[in-house]
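Two complexes are shown next, each including chain A; its partner changes from chain B in the first to chain C in the second.
Presenting the complex of A and B:
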């Protein structure tokens, strides 16, 4: 029983990490209509940016900001240089998925000779231990949870109460109509790539912090978990992704306690398959996966 | 160039051609983005391996796996093909029935990553990360596999399979069924409107592709005699997609051309770059980068490939410009 209570504590941390990653992924998809399969590789690249900053003696928290900045700028440029031209050219949805997969492959292999195959880890990331009723967490994990909560509230505020958020929702619903209403959709899309890129970079650093060590091969795993949470919640739905992250976070950690930790991603995949069979539109979206890709 | 190298090259070319004919049926002809294609090849290879291997207590029991039936030649290959087809049924039922096409693609991609992870971690099933080695090649009890004549025999059997698969694929492409598949690829709603059942069409071509993919895996494992998770990571599927995109989607000649240009031509050319340049892993990594650039470059400059799919028109058809305009709108 204690094992499961402790697993619940890890679940809280996991869901925080997944929520940040999944909200970024789902906003990218919802607003720009782009399934960016390079997302996991951008996460791991940002984690490495933070690693090199950390190695140079800079605190990991500042490294985290560096990772987020890298994620934002890189995602913005990726869209501007690769995705947007292909979209303007009228490449099909499937074509775009293939392009993003090619980008992901290239990123992983540009990174590989630079960082090597070996696992690395950040320094001074554990902090003190805090205990509360069977749940044992480090102070850093508490900070991660707090950060996730603040970010989710921030996203909520952005989408609900700001002009930019309103413009984003309008662009997601109908880009042509939004443009005709005078919304500068191009700038909105740029802003979306910057914001989601920052979330992606941040999620990468936090995910790397939360695992004892990380390596280049973790990129695919990051992508799968974010994808599973986003699809579970209903693709393109920010609140859905948050709910999805809570479910995936808890279920994967409990399964790790009950079964084997190396099958965490398999459990996430099991949830993904179950959603695709039982409710392909996800928990919140009305159409989502069922609508024709057009 | 010695004869072993020649046989090796020819067999790889044959396996790639068979695989690409199958992927072309799925992706080129029907528009199913099967990102887990390598899984179907791999189940064929594993099945052929456990059907032809002795029980796992043999060879000092250094590897563990289930099965080990020591069956004679055609059975492991047939078994591999059947296994590929059988795997396509549950996968197709989950993925192809309701989901949007881009969701299908990501579901299949994730399936490919996860399957590899499970097989790597679950050692008792198929010997985990180490994989299966010492897989007996066909007829190895009658002819010594290390002789030149055996290698030519293997090339011959592979060639027969290539021809059979090519004939089959051509029949499919040119049949009314193939026309239905193209109609579905171009505009699914229109195909439904004239009474085609897209789920049924997709399922049959998915299973057919799975069977051929399984066969290609079985042929390959009989020759290289080992199969491990590291040889069927998901990027291997991307190479095959690159080949289809380079060769030209939707026509079998394009698929063959793609096989000869990308997995065979490209890999053989870059093989001669010494791998000692730069830090370890630089040259293989750059090969992957080049594959990515190849895909993006072709999709940008020549999306129809080296040999575009021929436009099928009949006498008295509307003028092509009108058709083009209608397709664009």
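Presenting the complex of A and C:
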């Protein structure tokens, strides 16, 4: 029993890391209608930005801000320089997916000779160990959970109560109508890439901290987990992504405790498949949400 | 009924031109394909087929470094009958599904392959038969037991089977220096084919010699964290961890330290953990002090001295201009062995005066094992000189003597090792013949 309680605590950490990544990914898709498969590579690139800052003697918490800034600027430029021209030419959805896959592969291969194939670690990122009722977490893990909660509340506040958030939702629902109503949709899209890029960068640094040791090859893994949580929750649904992250994070850790740990991701993705069979639109999205985003 | 008109005959003639052209090109291409006599002309290629990306991405560079060091040793001494050696990477990503097309592409696009090196346990079972069918000598870094009695004529293995690596780890746990015998072991091995090969022999040997397996924990390589796995492992209270989880060692061991209140548990690694990439990863994760204090490894008994090793080291350092990390592999066993394998292949070509792989392949083992009265040589230059003088040779290279059996497996003994603060291997102890015999008997 003690192990299950501990696993539940670890699940909270995993859930927090996944949530930040998945919400950024799903917002990007929900508002810009772009399935950005380069998301994982932007995450790992941001993790390396923080690594080099950390290596230069800068605190990892400041490095995290550096990673988020990198993610924001890089994602913004990626859209402006690569994706937007293709979209203007009327490239199909599947075509854009292939373009983003190509970007992902190019990034991985460009990064490889720069950062090397070996794993690296941030310095002094563990923090003290705290135990409470069978749950064992480090102070840094608690900070990560807290950060995720603050970010989720911030995203909720942004979408619900701000002019920008309302413009984002309008653009997501019907970009043509939004434009005709006077909403500067291009600027909204730019803002979305900056915000989701920052979330992506932040998630990359946090995921790398969470792993203790990371390498360029981890980018693909980051993407798959974020993608799974986003799809589970309902593509394009920020709150759905949060719920998806909770399920995947907790189930992964509990299944590692209950069953063979090498299959923990199989269990999580098995649940994803089961949900997709029973509710193809995901947990929160309405039927046709994917199409409506266009 | 259709009649063949003049126009249709011209059309047939026109269509025949490209066909003839293709036949001509094929004929020209065939001139590069090794045939019976002579060493031929043009560059020769050594294919390095191994993981260069993915969880086991640390393996490929060690093998590539071997080729980069061997090439100048041959090229600066006249090449193979004037032919220069080149090295090329073929990435398997450590996955059989990616390895098969990589092997096929390597063979289809390079008629000048003189040898293939690499083929780790991740992909050897799938690529070795393909390479064998193409009649290309290969030197594989796999310890899988299915190759213990292989019928593949072009397969060569310069390292012992994994069972011996596993026995040596158990020997380190039970008879290693500076600690009382460990009696309660956690087996933490990656879920890949190569790592799992250690589990069964280690379990058998350890339990039959009085030890207990506290937990056998296959872990998913490349996972983002191992918190629950480590909690379960710590709950089983092991006094030692036997491990090979390449690519994930840093993440796992850091978690051990974190959850164990900042204190490590002794851990014993396979010979694959004697690797600069592994050293850096674990050092960065748990700190150099804990790595030096709690790590023990096993390795083949290299001396890292002598003429062959000196030349290897010089060439390896020079290879930094092509591959900056090359010098890091100065004590990596697989790098030493594959370097030797490439040089032995080149010497076999010179000895048979043939670039026909079916002709020089059998000569490789003869040069490695030597025959009665063979002159021992340590470098390619000396080997070529001895061959030209009409002598038979035995090549003893940077990795030491080779003794191939009838299944093309070369065996040698293990030593117990540790790291120094710079990542160099240091000998910590040796297993006595009696201890070795006990381990082998217990492990079956």
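Note that the second predicted complex is superposed on the first by the 279 of 294 C-alpha atoms of A that agree within 3 Å, B and C clash if a C-alpha of one lies under 4 Å from a C-alpha of the other, contacts with A are read in each partner's own complex, and residues count from 1 in each chain.
As a working rule, a contact is a pair of C-beta atoms (placed from the backbone, for glycine too) under 8 Å apart; a residue touches a chain by one contact, two chains touch by 3 or more.
The model shown is predicted, which means the values in this text are computed figures rather than measured ones.
> Given the superposition on chain A, are chain B and chain C in a clash or a fit?
Result for chain B and chain C: clash.
> Considering only the touch criterion stated at the top, classify A:3 as touching first (chain B), second (chain C), both, or neither.
In the superposition, A:3 touches chain C alone.
> In the superposed arrangement, does A:261 touch chain B (first), chain C (second), both or neither?
second
> Classify the contacts of A:225 with the two partner chains as first (chain B alone), second (chain C alone), both, or neither.
second
> Based on the superposed arrangement, let me know which partner A:117 touches: chain B (first), chain C (second), both, or neither?
The answer is both, since A:117 touches chain B and chain C.
> Kindly classify A:62 by the partners it touches after superposition: chain B alone (first), chain C alone (second), both, or neither?
In the superposed model, A:62 contacts neither chain B nor chain C.
> Looking at A:14, would you say it contacts chain B, chain C, both, or neither? Reply first, second, both or neither.
Only chain C; A:14 stays clear of chain B.
> Is A:93 contacted by the first partner chain B, the second partner chain C, both or neither?
first
> Quick one: is A:77 in contact with chain B, with chain C, with both, or with neither? Answer first, second, both or neither.
Touch partners of A:77: none, neither chain B nor chain C.
> In the overlay, one of 58-66, 184-192 or 292-300 from chain B clashes with chain C and the rest don't. Which one?
Looking at 58-66, 184-192 or 292-300, the stretch of chain B that collides with chain C is 58-66.
> Take the contacts of chain A with chain B and those with chain C, and give the residues found in both.
Touching chain B and chain C on chain A: residues 108, 112, 116-117, 262-263, 265.
> Okay, in this complex, where on chain C does chain A touch?
That would be residues 52-55, 57-58, 61, 191, 217-220, 222-229, 231-232, 235, 247-251, 254-255, 258-259, 261-262, 277, 280-281, 284-285, 325 of chain C.
> Can you list the chain B residues touching chain A in their complex?
31, 33, 35, 94-95, 98-103, 105-107, 109-111, 113-114, 117-118, 121, 188-189, 234-235, 238, 241-242, 245, 278-279, 281-282, 285-286, 288-289, 291-293, 295-296, 299-300, 303
> Residues of chain A touching chain C in their complex?
Contacts found on chain A: 2-3, 6-7, 10, 13-14, 17, 108, 112, 116-121, 126, 129, 136, 138, 207, 210-215, 217-218, 221-222, 225, 253-254, 256-257, 260-265.
> In their complex, what parts of chain A are in touch with chain B?
Against chain B, chain A makes touches at 35, 37, 82, 85-86, 89, 91, 93-99, 101-103, 105-106, 108-110, 112-113, 116-117, 220, 224, 227-228, 231, 235, 262-263, 265-266, 269, 272-273, 276-277, 280, 289-293.
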